[in-house]
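As written, the chains take the letters A, B, C and D, and residue 1 is the first residue of each chain.
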Amino acid sequence: MMVDASAPPTRRAVVPLRQGTIARRGSVFLSRHPRLRLSLLLGAPLFWLGLVYIAALAALLITALWTVDSFTGQISQTWTVDNIVAVLTGSLYQTVTLRTLGVALLVTIIDIVIALPIAFYMAKVASPRAQRILVIAILMPLWASYLVKAYAWRSVLSQGGIFEWLVSPFGGHSPGYGLPATIITLSYLWLPYVILPIYAGLERVPDSLLEASGDLGGGTWSTLRLVVLPMIWPAIIAGSIFSFSLSLGDYITVNIVGGANQMLGNLVYTNVGAANNLPLAAAIALVPILIIFAYLAAVRRTGALNNL
Amino acid sequence: MKRISARPTSVALTGVAIASVALLLTACGTSQGGGTAAPTTAQTELGDMEGSVSLLAWPGYVEDGSNDPTVDWVSAFEEQTGCTVTSKTYGTSDEAFSLMKTGDYDVVAASGDASLRLVAAGDVAPVNTDLIPNYDGIFDFLKMQSWNSVDGVSYGIPHGYGANLLMYNTEVVTPAPTSWNVVFDKSSDYKGAVTAYDSPISIADAAVYLMAHQPELGITNPYALDKTQLAASVDLFKNQRINIGEYWSDYLKAVQAFETGDTVVGTTWQVIRNSLAEGTPAEVVLPDEGATGWSDTWMIAANAKSPNCAYAWLDYIASPEANAQATEYFGEAPSNAGACDFTVNPDHCASFHAGDADYAAQIWYWSTPIAKCLDGRTDVTCTDYSDWTTAWQEIKG
Amino acid sequence: MRLSRSARGLLAAITAVVLALIYLPLLVVFVNSFSTSQNLTWPPPGFTLGWWAKAFQSDGALDAVLTSLQVALASTAVALVLGTLISLGLQRFEFFGRDAISLLVILPIALPGIVTGIALNNAFRTGLGVQLSILTLIIAHATFCIVTVFNNVIARLRRLGTSLEDASSDLGAGIWTTFRLVTFPQLRSALFAGGLLAFALSFDEIIVTTFTAGSSVKTLPLWILDNLFRPNQAPVVNVIAVVLVLVSIIPIYFAQRIAGAEKVVR
Amino acid sequence: MTGAQPAIRLTGLTKSFGNVNAVDGVDLDIVEGEFFSMLGPSGSGKTTVLRLIAGFEKPTSGTISLLGQDVTDRAPFDRDVNTVFQDYALFPHMSVLDNVAYGLRVRGVSKRARYEQARQALDTVRLGSFVDRKPSQLSGGQRQRVALARATVVQPKVLLLDEPLGALDLKLREQMQVELKELQRNLGITFIFVTHDQQEALTLSDRIAVFNEGKIEQLGTPAEIYERPSSPFVAAFVGTSNIFDDTVSHALLGRAGTHSVRPEKVSVTTENRPLAADCTAAGTLAEVIYVGSSTQLIVDLDAGTRVVVLEQNDAHRVATTERGVRVTIGWNNSDIVTLSAPAPAPAILAPHP
């Protein structure tokens, strides 16, 4: 018998629940009012996000409907859709939008393709120790400044740079500065942001599932395709949101390695930073906003939004 | 480009760029006399030092050794005058303009565009150059110019200036060019290796070229372009665009590109040439057509709390020693003739053509294009800076 | 999963190659920090320790690092609080509009930085009439940092379930006591991981920073941007980057250890 | 069973999730000091009732009283009941001692006093030497006892146990059943025990409430529940029963309605041998299953139904082991239980326990 029967029934004085303290009363009150509890939890963050962020965005979008008086430089608050029409119909904006979208998509695809095998190796093949070292190795470059890394790529890709030196024995050439260089550099910059969620996603796939699939006769490829991929799909999408949206808004990298090209970010930047034309900048900013919203709407169903 | 080109001179350009706020220039511009709000009388005599002075300047104009211990001309001033310097840097002329409105600053270093706005808004006071002994040493061709005086009243002390030159790779670009045509009409010879300064204000470079090569367009001031003239300039750049390797907006980029050979010809600054690694086969030239350039001005706040220290700073920074330090650090020509004796590099003045009035005369100093033509034409409306911005974006495509 | 030897080898090889590619530019940065070239040109013409000496004497760099630390710490702190609150609200309650709120949290990171930047800039300056300062910068950074905390915490809460909290409440602990003694200790490592990411995000952010920092606020990326364009400072920037990468090992290592220790326990 | 007022009184307790009534109008008095079990298949609402009593859920309607006090609107921390969770819910970041001392800690008991009491409680469950371990370092049975100690150290009026033995293996489970009973007797507090294991409920309880679809199907002592199930559901869920629907009852028993007979109450003999029983029927032996202490015989009756018979493997056992053999089965009238509700058709075999 495991209960010690010789021990007398422990009849200690019952310690009463504490009543009456303010914290206690607060707890009691709150527990009776879950709605209040919820509003206390969400009040501050929603105030922050709603008032700081959404209001700012809304204000920006409204600005797109105004114009800058070129005579005074002041924003004149007369409603007009001229800016938006100009952005939608201007061939410049269409070209740049397509270019930006292409770059962002390519960067995203490249990053996912590179991230998948590495993340898989980290999560499912490497020893726990190696896993830890790999995570550190992936995270560390994040701390070398974005700018420093972009300039490093400028150096790597220059004529006579390391890239040229590495590929010339195989008859290759550095792509020089331009869109390929932009895509390479952006892929590089955002790669850790794509690897990490996919790695986390893969870690959540239990080994037993892989074994079960193998047990049922699934080959490596079919296991990956039928079991692993669907399970980490949200994680992949989550990673893609980073690479896609960060690329979509970038204007510094393309300045450094992009040759003579410009992206949407440059147009926005120039209009607001140099030309003082906030309404036009806001109208241009609508383009990436719409693209991102379309993207988010498309991926929403995968549950990726809970997996960032 | 505000941040991309944080180097002061380029930032100064941004300042120009941003000041599409044309009202004040138009209403109170040089041709029409001083702004009504501006104090029209300057201080007549100096009093005791107040013990401190607050400066507002482009990054790097006021260096106290905190970025680089060897770059410091503020400490000497503090020792000499007992005025403790607090300084703040700004990124755009707009920012400078609104910061001056706070009344917290005694002195501001302003670019050609901001300066007149500040005068018109009554934020800066006339400067009695008699109280600034070192003013005598300033090159005459910089004094009382349209960007630092109004109706014959001086509003500040010139700081430094420079030109946007043509640089070329001596091995690739032969014979040595004397005209901008190597980057315009003949740019296809160097396809993929041509560069240009990445800013709408660069359109003035084309206008300068067209002034010489297409006189029928009637351009008399590269910052006063009507629609036809702008279109002609833009066309010139659009033809150049297909041959451009990259645009540059900071001089590190330009230096690297010339050193590696990614770029062989294009606009540049003297300081870029001077920064090239030894042995880089590159030279600069001020082409026959002339060139654009910049010049900045030190001004005193209308309600300065420490006007005496402010005057002391203006005098100090115009002194040959300080002027030499500040302008050499940033790679521009000093405004004080005597500065040339104090540069670390004895050839500094020569390489920047400091004091060369003929050279300086070929420079069209940056001004903000505004609807009211700067060249005095009244029969047409000129294109303003926002038109230029749109045009520049379309050029880049 | 049973992977063939060759498949494992292939994966290892891919990983090695990509890691090499990841570190190649960093190697360039490292080498350039000893290069006599002022312009980061390759190959380096000579060797010098001068930039390292200069970097450690640079008050500007030190100030910038301190400013960045301040901003990153403050915005991480705000993000930790707000992110935890939102996660608790969304994970522990059912209500209409949950999806909208989780979208709202993601938006600041999903929308391009330049959009967030000019929107906040416009709101601060023209909407609220506030001068840009370190405070506006912290607000901006915290806004897009919330999401990293939120994601980590909500994932943890989901995994945790409510039984520990039920048990605590059952044993007589009030709402606050339960959070302090039970929920919070269970969230600690998730908060650390989310906080670390938030910190890194804020520390290296430049686009939103450009638009929301007061003119006297010089974060490290802004300082780097300033100095990259001074030829005599660019190699100093490389030194700073190298130092940052090396120093970053410490927090990452600790984060890993905490996560690893937890994995063993579970 | 002393107090005049019940330890727990549930009145019209209803809990809906969406439009599903998980608990549907439950009225129940639980007497102070009794070991009360709530038995039912998963989804029958028993756990929800427990969570309602603990306060983790708010009832849609109805009230809960604890010792005469209405606690329906009280938060869990404001009720004098404690719970032993199915997964134990031990705080993983605290030592065993801290876990057990937790309830005292939040009541403001001084460190020394609470550790003293927690040690005592751990001694009671014979875990005195494990105080510094983390829960993750304990076995399932040990965790279970920590959970018990943690819930009892604060001397609750009522202890709620949510399938506390579910995660343990059979041997350990039987051992813990004994321990639980002892503990309850020693502490003298009311235990409300939720389980889906009828054997466990029968073994431990003073009284059992059988739950089905959110309602209490039957309430009574283990013997009442087993011997006199009030419905086909109870007859089928608690133990094994031969359930005869209206038609079969007519044929076999000559009465209307649904009836049941426990397999062990049925006697069997080879055909043509006398059988001392009120009622007999002939059939063929369809299956013989040896289950250790007894043997289960399945007989296809000529009347067209199938009956399960359980024979003790003792000296008197009729060694009828060949399938296909003709047999006679019989039972006494007193062993026939009349079930109020009509039997669900086809109702032949109850699930094997």
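FYI, a contact is a pair of C-beta atoms (placed from the backbone, for glycine too) under 8 Å apart; a residue touches a chain by one contact, two chains touch by 3 or more.
Please read all numbers here as calculations on a predicted model, not as lab measurements.
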Between C-D and A-B, the pair joined by more C-beta contacts: A-B
Distance between chain centroids, defined by C-alpha means - chain B, chain D (Å): 91
Separation of mean Cα positions, chain C and chain B [Å, integer]: 38
Averaged-CA centre spacing for the pair chain D and chain C, given as whole angstrom: 54
Of all residues in chain B, the ones touching two or more other chains: 2-4, 252, 256, 260
Multi-chain contact residues (two or more partners), chain C: 40-42, 172, 174, 177, 206, 225, 228, 234
Of all residues in chain D, the ones touching two or more other chains: 75-77, 106-107, 154
Which chain pairs touch, all of them: A-B, A-C, A-D, B-C, C-D
Partner chain A, residues of chain B touching it in the complex: 1-4, 14, 17-23, 26, 92, 94, 192, 198-200, 241, 244-247, 249, 252-253, 256-257, 260-262, 371, 384-387, 389-390, 392-394, 396-397
Interfacial residue positions of chain B with respect to chain C in the complex: 2-7, 10, 59-60, 65-69, 88-91, 95, 99, 102, 250-252, 255-256, 259-260, 275-277
Contact set on chain D toward chain A in their complex: 73-78, 80, 104, 106-109, 117, 120-121, 123-126, 145, 154-155, 175, 178-179, 182-183, 186-188
Chain A partner contacts - residues on chain C that touch it in the complex: 1-4, 7-8, 11-12, 14-15, 18-19, 21-26, 28-29, 32, 40-43, 81-83, 85-86, 88-89, 93, 95, 99, 101-116, 118-123, 126-127, 139, 142-143, 146-148, 151, 154-155, 172, 174-177, 200, 203-204, 206-207, 220-221, 224-225, 228, 234, 237-238, 240-242, 244-245, 247-249, 252-253, 256, 260
Residues on chain C engaged by chain D in the complex (per definition of touch): 162-164, 166-174, 177-178, 181-182, 185-186, 265-266
